[in-house]
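Next come two complexes built around chain A: one with chain B, the other with chain C.
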Partner chain A sequence: MSGGATAKTYTLPVGPVHVALEEPMYFRLDVEGEIVRGVELGAGHVHRGMEALALRRTLFQNIVLTERVCSLCSNSHPYTYCMAVENLAGMTVPERAQVLRVIAEEIKRISSHLFNVAVLAHIIGFKSLFMHVMEVREIMQDIKETVYGNRMDLAANCIGGVRYDLDEELTGYLLHGLDSVRGQVEGVHKIYSSDRMLLRRSRGVGVLGAADARELGVVGPVARGSGLELDVRHNAPYGGYALLGVEPVVERDGDVHSRAMVRLREIFVSIELIRRCVRELPGGPTTVLLPEIPAGEALARSEAPRGELVYFLRTDGTDVPNRLKWRVPSYMNWEALGRMMRDCRVSDIALIVNSIDPCISCTER
Partner chain B sequence: MLDFLKILAGNVFKGPSTDGFPFTQAHTPRRFRGKVHLNPALCVGCTICRHVCAGGAIHIAERPDGSGYDYTLWHNTCALCGLCQHYCPTGALSTSGDWHNAHPQSEKYQWCERHFVPFLSCDGCGAPLRPLPPALTGRIYADNHVDAARLMRLCPRCRQIETAMHAREASHEAQSGS
Partner chain C sequence: MNDIFPALFHMLVFPGGLFALVAGLFLKGLDRRVEARMQRRVGPPLWQPFLDIVKLALKQTVIPATAQRTAFLAAPVLGFAGMAVCAALIPVAGAYAGLPGLGDLLVLFYLLPLPAVALMVGGSASSSPFGALGFSREMCMMLAYEVPLLAVLLAVAMKVGAATGVGVEFSLSAVVGYQLAHGSLALDPVMWPALAAYLLFLPGTMGVPPFDVPEAETEVLEGPLLEYSGPALGFFHLASALKTMVVLGLGVAMFFPAPLPGGALVNVAWFLAKCAGLMLLTLTVVKAATGRFRVEQAFLFYLKYPAPLALLSLGLAWRGL
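Right after this comes the complex of A and B.
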């Protein structure tokens, strides 16, 4: 490292505790001067044994446990888990509950995407833009706190339906909040697609071509940023999405900028979706009575903010599951980091890691 | 860059967007899921709350002398998930807007809600029983012309006898009337 010899090869450890990483992950980089030539990933620093914990809890208690796997997609986990239980028991969720679930899911998606896009600005050192996007996200946080009662854990789902309902006052508040978020995100979208500093740091960085994306099996905004039309809401509609229909947002370049743009554009889609949900909200009950949960196996999948989330459940006729396993989107996406980081600069590592919006606590649970 | 300067200038005029807490009150929405409270008058001791409680924060123990049961809700173990509120059949449990959960270490074993819910004795045989709250009784016996308040003071066995007696009297009356 000494003497300014740029061509010298050395090993650089990044993480697990590092200022530019939001969550603990370990990278062992082979670096040649400023350029990364090889990446090795190490994980396991936030393993909490949650799949084992789930086997010691009742099906009810696991709604709460899965909600606490990760804070940013904390609605997708109990939603998909409840769908798995419902699939197993052959329950039909009332339409009103299905649409209310979509509203909760999309509200969380908007906040999650805003958070990731904000962190992009934070990493490149554009702190004032970071603060601004986080302030826009604060409107979503207020919506969550007012409609659901908490800023992160919505507690919207229960087996067979939802635990909340919208009244006229809250619907008005929600729509008003979405209007102001939409206006603000339009401004943010303009900055992200035109600011020279942002473009110079994010265009052509961490490129993942469509062929590579397909080969590695990436999901969510990472896949859509590389031109793949992959969205569970579109490809295999579930719950309320089967009633509504969603068009996937796709960008072609496969770089850090593309992935950020997919997220920003998806915010507009989500806002439109919530507005439609509120407009077309069917009447009727919000839950169904719980039948006996039989012994058996069930699977459910959904589109979490980071991509496809899969839950597998096996029961033995008691109300404590025999096995509960989930495959999270970041598990598919972080394998692509090696491909994205090939021949990148050391200074871009944090930027590329953030661009897959990794959720380490989901993946290692 | 110019777009962002506009936002910056706007923010200068807007002033700080943070709450002045603790010098001013922080806004708490109506539905906020804060500390859970039990209304002992509505509790029937069905224990569904204990069954669904994710953290195991609810303890219900019957007293050995049969006078009632002790209900303890530990605020520090509570995950504020609201499942107990959702599944409680009588609406005895509710989340409040109280999020002030900071307390000194010395108070941690008192940081809970304790209630003693007494049993009544059955009007017929004297066995201990926990009567249903009037609202729930009204719902159950909505289509029945019986003295629900009297039935609720009886244990299930005495209630069966009482209902059978009633039915017999009614059929006797019908026979003598015809």
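Right after this comes the complex of A and C.
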């Protein structure tokens, strides 16, 4: 949706720097009174040329590079990248490593979803709820710092396995933390399902119907909030997920509230997954010896917190890749904004943008 | 001539001007601290608003190139001056009898919207589209909360007027005097709907969540205040601090002005304590516990709850109850 400018509309510039967005993105809105008539996106403020940088680094160094594409999906990128390399070289990752990878991924997923749900509260001005959910997220941050050494970038993956391991003490700490998080998130879930102020601001806002969702090819919680059962962990299980079996969390209404509910419910699913992984953690090595990476092409996809993440890798037998391309989930969800923002109010703009959980760093690389 | 100096003193020093400023800023500091504690934070020190004003005074006011200079700079001063005068009109039982010759409830009703009007004018003059949005939202909010306010003021005036036999009593000093002799209006069941309406009016007029629609930072980037900086922004903050004192003091004077036995100092402290209590109940707790309405939701809220409540009391007072 673009160019809705008429004599009655004025231009509202939202961004690139805006209170409600964590990252720079420019929206040029044509507004009539309080109703939005047209949206134009102006992206590129965080373009770092990472795909070009990847061609100047070895396959090893790219693990570090891909981790820094995005901080909230920061485990999904190296995970998928390593899977692409392993697919190319025909390597089998040990089972223990597969399960440990799932644990890292699900921990990141919980933190990412809590962040998004908290920012939803912030945008509607409910600062106390925002701080409450962020404080719950701090439990996850402490877990990350204790188990991996860092609150955001885990550096958990390497080609052929993982770079960390769980001993008894860490496992106990992890499970204890998850128990607290579960209790707290149950409280948060209750608030988000029943608080009238929140429901009034988020129900019926930014609606994306199932047909529109399918046509636009949206992924992740955006798709699942509109009733589509799209989850790579379910549709095309990879790594440890093939052993676990994940049921996608789906809501029908396709509004801001549904997407928030999908994320909250997925937190419970993730907690259960981590608990299962810890219980059924197989013994064995956490990594394999690296072979020579041959020339070839490979694809890998995974379910990042924001949706389906696809990595394409082409090598020519040297240790520097020939082409590394990644298609992020947020890239698929931007177009949906045009449908969701149709005739919405100015007050709902930031809310709708946040509900697709955009990762601008991911999109612009 | 002799009347001017006491009036000026009351407007500029006590209880208007300086006193109201210091008390208002201190109340704001208390509000921020208590809200922080409710959110499990530490919060700023109680004198933080004073530090903020000093900081703003030392900065430069940047005026947008396309802004209307005169209106842009005059608006905050207008709001500030109006509230400084208003503060002098509120009687403090046991310490200060008010300025009945200068103003009464009707004058207060006219002067109270001044900070909101200043916000609107400033927002419009700033030539920012967010200022324009804030202008229209503030206008909408004013339309919403001025109705219950007028109904409450009229209800109080009619109640006291009927009881004292003059019909309608607009003088705030007389209203306070009546309550000192016959008991506070807060104890009278007929006035309870009006009290409830006034309590609901307070967060709306102070622009506190859930009614901070005009200055919604995540939606309109602070609306009319977006382009303000330096001393001009400082005047807006001062006007807001003064308005806090005025509306809280008005609530205390209209509904529970009863003094303590003791001198003027004790009663000034008692008055401030009552203002602080009223603020914590209607502003701080509400602010910490809610999100923000959309502008039409806020408007409809005022139409559905405070307005009928205030009109109920007005009707009952008019019937002589």
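Observations on the structure shown:
Here is the rule we go by: the second predicted complex is superposed on the first by the 358 of 365 C-alpha atoms of A that agree within 3 Å, B and C clash if a C-alpha of one lies under 4 Å from a C-alpha of the other, contacts with A are read in each partner's own complex, and residues count from 1 in each chain.
As a working rule, contacts are C-beta pairs under 8 Å (C-beta built on N, C-alpha and C of every residue); 3 or more make two chains touch, one makes a residue touch a chain.
Owing to the predicted nature of the structure, the values given are computational and were not obtained by experimental measurement.
Once the two complexes are overlaid through chain A, chain B and chain C fit side by side, free of any clash as defined at the top of the document.
When the shared chain is aligned, no partner comes close enough to touch A:Leu299: not chain B, not chain C. When the shared chain is aligned, chain B and chain C each come close enough to touch A:Glu135. Within the superposed three-chain model, A:Ala121 lies in touch with chain C and out of touch with chain B [touch as defined at top]. Contacts of A:Val64 after superposition: chain B is touched, whereas chain C is not reached. Shared-chain residue A:His18: touches chain C; no touch with chain B. When both complexes are overlaid on chain A, the residue A:Val288 reaches neither chain B nor chain C. When both complexes are overlaid on chain A, the residue A:Val320 reaches neither chain B nor chain C. Contact with chain C, but none with chain B, is seen for A:Glu34 once the two complexes are overlaid on the shared chain. No C-alpha atom of chain B lies closer than 5 Å to one of chain C in the superposed arrangement. Residue overlap on chain A between its contacts with chain B in one complex and with chain C in the other: 128-129, 132, 135, 197. Those residues of chain A that touch chain B in the shared complex are 57-58, 60-61, 63-65, 67-68, 128-129, 132, 135, 138, 145-150, 153, 155, 158, 163-164, 170, 187, 190-191, 194-197.
Residue ranges of chain B in contact with chain A, taken from their complex: 1, 3-4, 7-8, 11, 17, 29-33, 51-55, 79-83, 86-87, 95. Taken together, the chain C residues at the contact with chain A in this complex read 38-41, 129-130, 132-133, 136, 209-210, 212-213, 216-221, 288-295, 297. Touching chain C in their complex are the following residues of chain A: 10-13, 18-20, 31, 33-34, 121-129, 131-132, 135, 197-198, 200-201, 345-350.
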